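One chain, subunit A, appears in both complexes that follow, with subunit B as partner in the first and subunit C in the second.
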Partner chain A sequence: MIQVEHLSKKFGDLVVLKDITIEIKTGEVIAIIGPSGTGKSTFLRCLNLLDQPNGGSIAIDGVNILDAKANVPKIRQKMNMVFQSFNLFSHLSVMENLTLGPIKLRGISPKDAELKAMELLKLVGLAEKADNYPDELSGGQKQRVAIARCLAMDPEIILFDEPTSALDPTMVSEVLSVIRRLAKEGMTMAIVTHEMDFARDVANRVLYMDEGLIYEEGTPQQIFETPQKEKTQAFINRVRSFTYQISSPDYDLYAMNAEIENFCEKQILPKKTRHSLLLLVEELLQIYTPGLHGTRLDLAIAYSEKKETLQLTLESSGEAANPLESNFLPDELGLTIIRNLAEDIEFQRVNDKNRLTVLMRKTL
Partner chain B sequence: MKYLLFTVMLISLILFTFITGCSKSEKGITSFEDAKTAKLGVMTGSTGEAVARKKFPEAQVNSFDDIMDAVAAIKSGQLDAIITLFPAALQVSKKNPELRLLPEALDKEDTAIAIKKGNDDLLASLDRIISELKSDGTLDSMKGRWLKADLSPYEELDIKLPKEGAVLRIGVSATREPFSFVDEHGRVTGHDGELARLIGARLGRPIEFSNMKFMALIPALQSGKIDLIITGMTASAERKKSVNFTQPYFANTQVMIVKKSASATAGAAADSKTALPPFLQSIATSFRSNIILENRYMLILDGLKTTIVISVLATILGTLLGALVCFMRMSKKKLLNLPARVYISILRGTPVLVLLMLIFYVVFASVNISPVLVAVIAFGMNFAAYSAEIFRTGIEGVDRGQTEAGISLGFTKVTTFLNIVLPQTVRRILPVYKGEFISLVKMTSIVGYIAVQDLTKASDIIRSRTFDAFFPLVMVAILYFLISWLLMQSLEYLERKTDPKSKRSKVACA
Partner chain C sequence: MEIQTKKEANATVVTITGRLDAVTAPVYEKAVIELITAGELKLIVDFDALDYISSAGLRGLLVTAKQLKGKGGQVRCANVKGTVKEVFDISGFGSIFQMDDSVAFALARLA
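After this line comes the complex of A and B, so read on.
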């Protein structure tokens, strides 16, 4: 139904979409996920030309809408959009919001349009609000009216641009259940969302967007359970990370500790975990410090919100050697502490670098 | 309604205290010697002004456009004396028992007809006609009939004017009884009105009067808006530089009007005792002389009509033009955007009076165009600059999402604007627009400068006959207020109608 090829879009010098190629088939529900600022909304807005793409082609039912001759307003009637900020027409009542398009654009008689609108309002559960004005509705109600307004135009596809991001948490579910119902009825939809559980339930296909590309795509199972690529994994597991670079033995320990504490606070880690993490980092660095002349050490701490795990990665240049097995150590005390705090320690030689991965024990 | 009544009462009260507070008497002037350090009133640009500055260098000289303004000032104690031409001074002293003329003249001068330079044929025939009128005694008879010491009615000659032919446009400042003034039928008459008709008859041309501010006459003549000025104008050396004058048709003098001594006026006031309290009685008298006498209410009604016509048409023109300018201003193309910016800053930075005169005397100099139309254009252009910016803020105030929603629904840019943005804009801008509209209505009071007889001009004409400063002004103030109030009500009705929720409440009521 929609065939997108090599779509690109930039705002000034900022490249938002690099090269997007995808086909959306009738009846498909596509969830588009990914970190903020990776072009998810822009992609959706390019689809109905609210933002004009800089390159590539978009064909709808075989018609290239980027062609100067294409009747874009007519094509837009087939693919309506639900916005993050609802955008209900504030000077019109709920009923008029639903009937304006059908009457003015599709030439439907006002009476028929109202009958249809009433039906749709019943569908979204807001029949009794028909005479109210948008400013008298709650956020969730507004969004349901906006969905009904789209449906009133009998679209072939609905584009949802973060439909629940502007909503109170208490109102998210009323909107999601309306969308779920549409999915069940076979509506073709493309949904940009941050609601992962919802995306997993409702979608047939999930697109993970990053770096201005469709970074990984697949069924909900593939994306949510066995993501293949690193960034997808990090995103799915909601990994937050912290990196610190040490290039001499005289590094500022206090500044680094402060930054680590700051990171822990942001992730709302318990005090005990914080102390253990600092202790672990300190003991590890004790081992590394004698060998820091002329080499560089990259320290990374990654916290997975979903798995609730903390993982430390230390990468150092230099000859291949596992620092924990070398004989510089004055005693075994530091090593014992590290083994106690860690659940799993792994050493690898990657890209000419010594990589030590330490997974912190959960109970701590 | 209550608040309207309250306002009217408040205005009356303030004016009452003002009137009574001003009737204090001062020591009178009895000779030119006394006037040396006095406050003198003169007519702007008149020879009297030059005389006053030369002969009384230490005096404080105030210029007025119209004699009745100076009379109002001397009556309220802001002036000690007025220097003006004898016929006008005679008229003032006739109608204001508390004022008198000093017997000696300050200066002699000639009154003549002004004509555009280069129009020598017409000048020659006018000179011939004036010679004829002099020799057959017509001018003497006119002097006797128009310059009278008592208040008996004027006898006017019945002059037949041709209906066909090239119209002779006569510039007058018809607030100068007995030379030129407006009679009970709204015609320009007086000594010079009659002279103009005589000239028209002898030349075999129909005539048309253009009644404007005195200071606007010479620019109008130079720009070709009028052919002649016949309004008791002195052929001064200064004016001869810019226009030509015929031979004099009247030998004039500058005289001084002063207040009678306090005792004399007190005696006169004591005579007029009646049943009514003095304030109410004076109101009743003023009402009679300013409104009823000579059907003066017709002048007011005509003026009112003109004011409303100019206000409404200028608003319509200004709104349409403003929409166009706003469209250009909001365009991303510099070619459209820049002219609109320039237009807005120039029009907002220029007084509308200057714009009005520029359009009348410069832009349409050689075009015979109705001054009312010029007023509509000038005020419309001025209003457009303001309304364009009002519209722009209104349109920009509508959330971008509204437009996006309309477009994504399948509306084009234009239909999105018409169906979605515009209705929201109208509701948003009406309160500001209303204020701008009211200020336009009040601004139209300056159209008298280009010979339009609006409400303010009507009050000027009445004041020039009755020399009553307060009643006509108060009345005009109240009328302006009423117009603004009524027009405001209609806009408020619109405001209520565009509020979508009002529709529902009506439905609920029904």
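After this line comes the complex of A and C, so read on.
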């Protein structure tokens, strides 16, 4: 149905979409997820030509819509959009909002347009609001009217740009249930959303966007249960990270501890967990310290809010050697404490660096 | 970390407050070795106000305990509790050191 190839878009010097290639088939429900500012909305707006792409091609049923001769209003009828902020005409009644497009753009008679509008208002549960004005509706009701208005144009695909992010939490479910219903009826949809549970239930395919690319895509199960790439994993597991660089054996332990404490405070980690983390970090650094002359040690602490896990990664240059297996340790004391605090310890040689990954045991 | 010493009738009580870690362990070692050198051979280390101990702190305790033993002295640990006790237990120090629930108990045992 829609074939996008090497799509790119920049605003001035800012490259928002680098190279997007994707095919959307009839009947597919695609959820587009990812951090803010990674081009998800811009991608939808480019599909609908609300933003003009800088490169690549978009073909709908084999017709390149970026062609200068393309009939843009006609294309927009095929591919309608629901916006975050509803974009209803405030001076028109709900009924007029729904009938304006079909009458003016599709040449449908006012009577037929009204019949169809009433049918659609019933579908979204708002038949009794036909004569009201948008200002008389709640946010959730406005968004349902916007969806009905979109359907009034008989689109082949609906693009949803964060349809619930401007809504009060109590109104999110009424809008999502309308979208779910459309999915069941086989409507082709591309939905940019931050509602992860919804994306998982409703989509056939999930696109994770990052760095202006479709960074990873797969079934909801693949993306939410077993994401393969680093940034997808960090996003799905809601990972927050802390990094610290040490380049001398005389590093300031207390300055580093203060930063770690600050990081823990932001993640609202319990006092006992903070204590174990500080102890684990100190013990690991004690083992690394004698070898810190002229080399750099990168410490990263990653907290997964979803899994409630803390993972420490220590990366150092130098000859391949697992510091925990070194014969130079003064005694087993530090190692005993580390093993007790760790659930799992893994050593790898990656890009000429020694990488030690320690998953901290959960504190009770 | 702060260290306070108080001479009792039959021993010297060393109270440590705060953290005994890689930074403060050498300070602790130095202070205790000075006491031993000055002839204080019966020591009670009071952990009541200690919030944190790492392997560096444990090593400091071990070094001073060995020195004392070499001179025929004794050390007892009082009020080891909470996370500090957990580190003692993990590392097996709970069975190496003589532990007491209070300074008063420790003093009584050294009498």
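FYI, the second predicted complex is superposed on the first by the 358 of 364 C-alpha atoms of A that agree within 3 Å, B and C clash if a C-alpha of one lies under 4 Å from a C-alpha of the other, contacts with A are read in each partner's own complex, and residues count from 1 in each chain.
Just so it is clear, contacts are C-beta pairs under 8 Å (C-beta built on N, C-alpha and C of every residue); 3 or more make two chains touch, one makes a residue touch a chain.
Small disclaimer: the values here were computed from a predicted structure and weren't measured.
After overlaying the two complexes on the shared chain, residue contacts for A:Q141 are found with neither subunit B nor subunit C. Within the superposed three-chain model, A:Y254 lies in touch with subunit C and out of touch with subunit B [touch as defined at top]. With both structures placed on the common chain, the touch criterion links A:I337 to subunit C but leaves subunit B unconnected.
Legend: residue contacts after superposition of the two complexes on their common chain; A:E283 is shown touching subunit C, with no touch to subunit B.
In the superposition on chain A, A:G101 makes contact with subunit B only, while subunit C stays out of contact range.
In the superposed model, A:N354 makes contact with neither subunit B nor subunit C.
Touched residues of subunit A were counted for both subunit B and subunit C, and B has more of them.
In the superposed model, A:N80 makes contact with subunit B only, not with subunit C. On subunit A, the surface touched by subunit B in one complex and the surface touched by subunit C in the other have no residue in common. Partner subunit A is touched in their complex by these residues of subunit C: 21-23, 52, 54-56, 58-59, 83, 87, 90-92.
Listing the residues of subunit A that touch subunit B in their complex gives 48, 50, 73-74, 76-77, 80-81, 83, 85-93, 100-101, 104-105, 131, 133, 146, 149-150, 153, 159.
Only residues 399, 401-402, 404-412, 415, 419-420, 423-424, 427, 500-501, 504, 507 of subunit B touch subunit A when the two sit together in their complex. By the touch rule above, subunit A contacts subunit C in their complex via residues 253-254, 272, 275, 278-279, 282-283, 285-286, 289, 330-331, 333-334, 336-337, 340.
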